[in-house]
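There are two complexes below, and they share chain A, which is joined by chain B in the first and by chain C in the second.
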Partner chain A sequence: MHDPVVKSAAYVLAHVPNMAFEFGTTQDVERQKDPESTYLAKFSDHLRTFEQVIGYAPFQTYIGNMHPDKLATIPRPWYEGDKVEAKRHGRYGEIMPEDEFFAWLRLVDAFELVLLEEQFLNELRPRLEKNPIMNEADLEKIGSGRSGEEIQKLVDEKTAAPLKLGDRLVGCVRRAHEVDATLTAHVIAENTASKASGAIALRHLLDKTDIDPKDIDYIIECSEEACGDMNQRGGGNFAKAIGEFGNCANATGSDTRGFCAAPVHAMVLAAGLVKSGIFKNVVVVAGGSTAKLGMNGKDHVKKGMPILEDVIGSFAILISENDGENPVIRTDSLGKHTIGSGSSPQAVMQALVADPLRRLGLTMEDVDKYSVEMQVPEITEPAGAGDVPTANYKMIAALAVMKKQMERSQIPDFVTRHGMPGFAPTQGHIPSGVPFVGHARDLILEGEMSRAMIIGKGSLFLGRMTNLFDGISFLMEPNPGLSEGDEIDESAVRKLIADALRQVSEGLAQSQD
Partner chain B sequence: MDLENQARIKELGEKHGAENLVAILGSSDPDCAELAAETVTVGDPTYAGPLTGVQLGLPVYHVMEPDIKDQVDEKVYEEQVAMMEMVLEVDALIDAVKGIREQHSKL
Partner chain C sequence: MELKGKKVIAIGDRDGVPGPAIAECLESAGAEMVFVTTECFV
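On to the complex of A and B.
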């Protein structure tokens, strides 16, 4: 049986500085503790403009306009000066401005909970019409808006969370229940933002892939949000909610959770569903997180930097049956951190990297690029978390030294050749392994690369249910092609089954006679 | 240091007495190691957790310091810590923790 392929990948960012102030947990907690805090007072002085954000080299890498190795040649800090061409649209998706993202919140809102002000919508409409992933029906659904007075009243009554552009109130998100803590205005805004960003990524995926959306069989959503009500807090189903906006009329779906590791778990599940023949086309999709906006903002402000966590990230990846062309997910290459693996960094890397490679008779050197937790280092370093991707590459290299696959002095060289700089926003699940899948697909198709390992890791202790760590990994490789022999085998099997069924039915008919 | 860990250390101090405890850190960053060492000696320097103003004065070490490493079964150390020893700035980590220990550990 042939391995499934990565047929397409889309990546999207939405620049939402005002949502960062309103919905980011760091800011929200600070507001609850001390509404007059100096951090909150300084927050807006440290925000970037949309032009600065689209000119940010790591984000140009995320949406596919630049290879990660090229990013490595650009001197840091990347947030200073004009280092790359600022392009809104990229090979894999786009970076969307906040006002247009608000329109998407309204578009994906199924319960009239997102209200936008009419004048704001009038001003915005010409730009919405120009976006190729938005259609006539979308514009109709967004509607003509509500009066500013109505929105102001809901916000004043504290039954709705504000949507602002600077000081201007342009909309709000209403609560969905009077007392249910899982349906507050804040939670609804959080979930709607996740759904909207996932829907935008799905639209981009379908827009650039030669596939009829009706041929999508199944959708796996893998963000870190929970939607439900007080009787089933994480009931779901984001997957179908998002699929509705991709016109995937024949698809069903479900949500997979596993903290930051969930996207790689979801890809493995998708690969299994396709390889088994259950489904032919499975989309793995995740929207982003408003909670994590400005997560390290205090440290950024303290160090006089811009607040770099000002974007929501999302992605969508299509896993399909083998087409003889696109790179495969090797289903015999899985690395998994098991319940018994142990949680030291060494045990984790052993389980995710060393064990699967050993099983396949490969060394660490045989993998061209490892995609680990690809957070932008200049976001995490000021907060004391260091350069996360580089730390991971050093660990893989050190493990190779322990396995006597290379000398200790070769560690820096290994890190340069097999690693890459982080280029994804610190949105939990978003930077975890998957940001490189699009690049890896292209590089393999272009013959520039022959093997990439995609690694997802997750810290489960945050949910207070277990102290176990988690992770899962797989290899992407060039498509070996569909051999003629395999095709004959498959048709022979089909004929065999058809003959057997015919015999059974004939037998049944005779026994009834 | 994580607020929950601070609460656990405080509780252990109350239960067993600070004179019967040693704090062994596994931090990967020298600045974080220094902050954690301060927390278990002179109290939480960020004034956010349960150890704020609590001067336990615990003897504090990093797991990679020879004093600790030499007491660990070689095989266990090889399995659990050796890889990270190659990755981290061990001298900087030891200096950070040792500096605080020499200044503030009571025992």
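On to the complex of A and C.
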């Protein structure tokens, strides 16, 4: 059977600085501990404008306007000055401003929990109409809005979480239950933001892919949020909720969780469903995380930097049966961090990189690019977490040295040639391996690359159920084509049937004798 | 540094050296681990 292909990929960011202040856990915890905190007082002074965010080189890379190798040539800090052309739309998706994202919260809201103010919507509507992925039905669903007094009252009563643009209250997200801690206004806002960002990515995917939404068979959602109620906190199902919005009427779906590793797990599951013939077209989709907005903000403020964790990230990838053209996911190339693998960095890379390559008779050098944890380094360095992608590349290179595939002195060169600078926001699952799938697909199609390894890693221990680490990986390669030998040979089938019938008739003749 | 008999708190990083790996090294040097965790900054 043929390996499945990566048919299309979409990537979206939403610039949401006000949501960062309201819903980011770092800010929320600070507010609970000390509402008068200096950090919170300084927060707004460190926010970027939308123009600055779309002109941020890593994000232009994320939405497909720049190759990661080009990003590596741009001097840091990337947040200073006009380093690249600021484009809202890219080859893979877009960067959406916060006011429009609020409209999407309303658009995907199925229970009248998101309210937007009438005047705000009147001002916003002309811009919504210009977005190519928004249609008439969407505008109708968004509606004409509610009065400012009604929204203010709900926020004052603390039965709704505010949606603000600076000091202006433009909407709110209501709680969905009076006492259920899993349906508070904060949780509903968090989950609706995840659904909305995932839905925007799916809309972009379907918009740029030659496929009828009704031909999508299955959707796997792989964010890090939990939707449910107090009796089943993570009951789900974001996948069908997003697919419903995308008019994928013939699809069903489910949510896959695995902390940051979930997207790569989801891609492996999707590849298996397609290769087995169970489904022809499977979408892997994830919305972003409001909780992680401003996660390292205290260190950014302390160092006089802008708060760089001001975007929600999302993506959608279509995995389809082999079309003879698009790059394949090699299903014999999986690397997995098993329960018995051990959690040292060396053991993790052995399981995810060295073991699958050895099985295939390949060396570390045979992989053109490794996509690891692709967080923007200047987000994590001020907090002391270092340059995460580079740390991963050094570990892969060190493993190659241990296996005598290269000399120690070659490590820096290996990191440059097989690595990339991080270009994804610290949104947990979003930077984990998957940001490069779109670039890898294009580079392989253009003949610029012959092999990429996509690696997802996850911190399972954060859930306090196990101390285990997690990870999974796979290789993307050029499509070898649909060879004739693999086609169904009709004449051979006819001969088999004829032989079988002959044997039956001979058997019958003998029994009559 | 003499680690024998010392009480140690180990805070690992998921993209660096995890807490249990630090603990294993220090315990082999005779330290007593009183708290071990691994943090995630991403």
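We adopt the following convention: the second predicted complex is superposed on the first by the 487 of 513 C-alpha atoms of A that agree within 3 Å, B and C clash if a C-alpha of one lies under 4 Å from a C-alpha of the other, contacts with A are read in each partner's own complex, and residues count from 1 in each chain.
Rule of thumb we're sticking to: a contact is a pair of C-beta atoms (placed from the backbone, for glycine too) under 8 Å apart; a residue touches a chain by one contact, two chains touch by 3 or more.
What you are looking at is a predicted structure, and each value in this text was computed from that prediction instead of being measured.
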| item | value |
| --- | --- |
| Three-chain arrangement built on chain A, chain B and chain C clash or fit | clash |
| First, second, both or neither for A:428, with chain B first and chain C second | second |
| First (chain B), second (chain C), both or neither touched by A:386 | both |
| Comparison of chain B and chain C by chain A residues contacted | C |
| First, second, both or neither for A:459, with chain B first and chain C second | second |
| Partner chain in contact with A:402 - chain B first, chain C second, else both or neither | first |
| Touched partner set for A:211, first chain B, second chain C, both or neither | neither |
| Chain B versus chain C as contact partner of A:467, first or second or both or neither | second |
| Which superposed partner A:373 touches (first chain B, second chain C, both, neither) | second |
| Chain B versus chain C as contact partner of A:296, first or second or both or neither | second |
| Which of chain B and chain C A:345 touches, first, second, both or neither | both |
| Overlapping contact positions on chain A, where the chain C interface meets the chain B interface | 344-345, 384-386, 391 |
| Chain A partner contacts - residues on chain B that touch it in the complex | 28-29, 31-32, 35, 79-84, 86-87 |
| Complex contact set, residues of chain C against chain A | 13-18, 20-21, 38, 40-42 |
| Touching residues on chain A, where the partner in the complex is chain B | 342, 344-347, 349, 384-386, 391, 394-395, 397-399, 401-402, 408, 411 |
| Chain C-facing residues of chain A, complex | 260, 295-296, 343-345, 373, 375, 380, 383-386, 388, 391-392, 426, 428, 431, 457, 459, 461-462, 467, 469 |
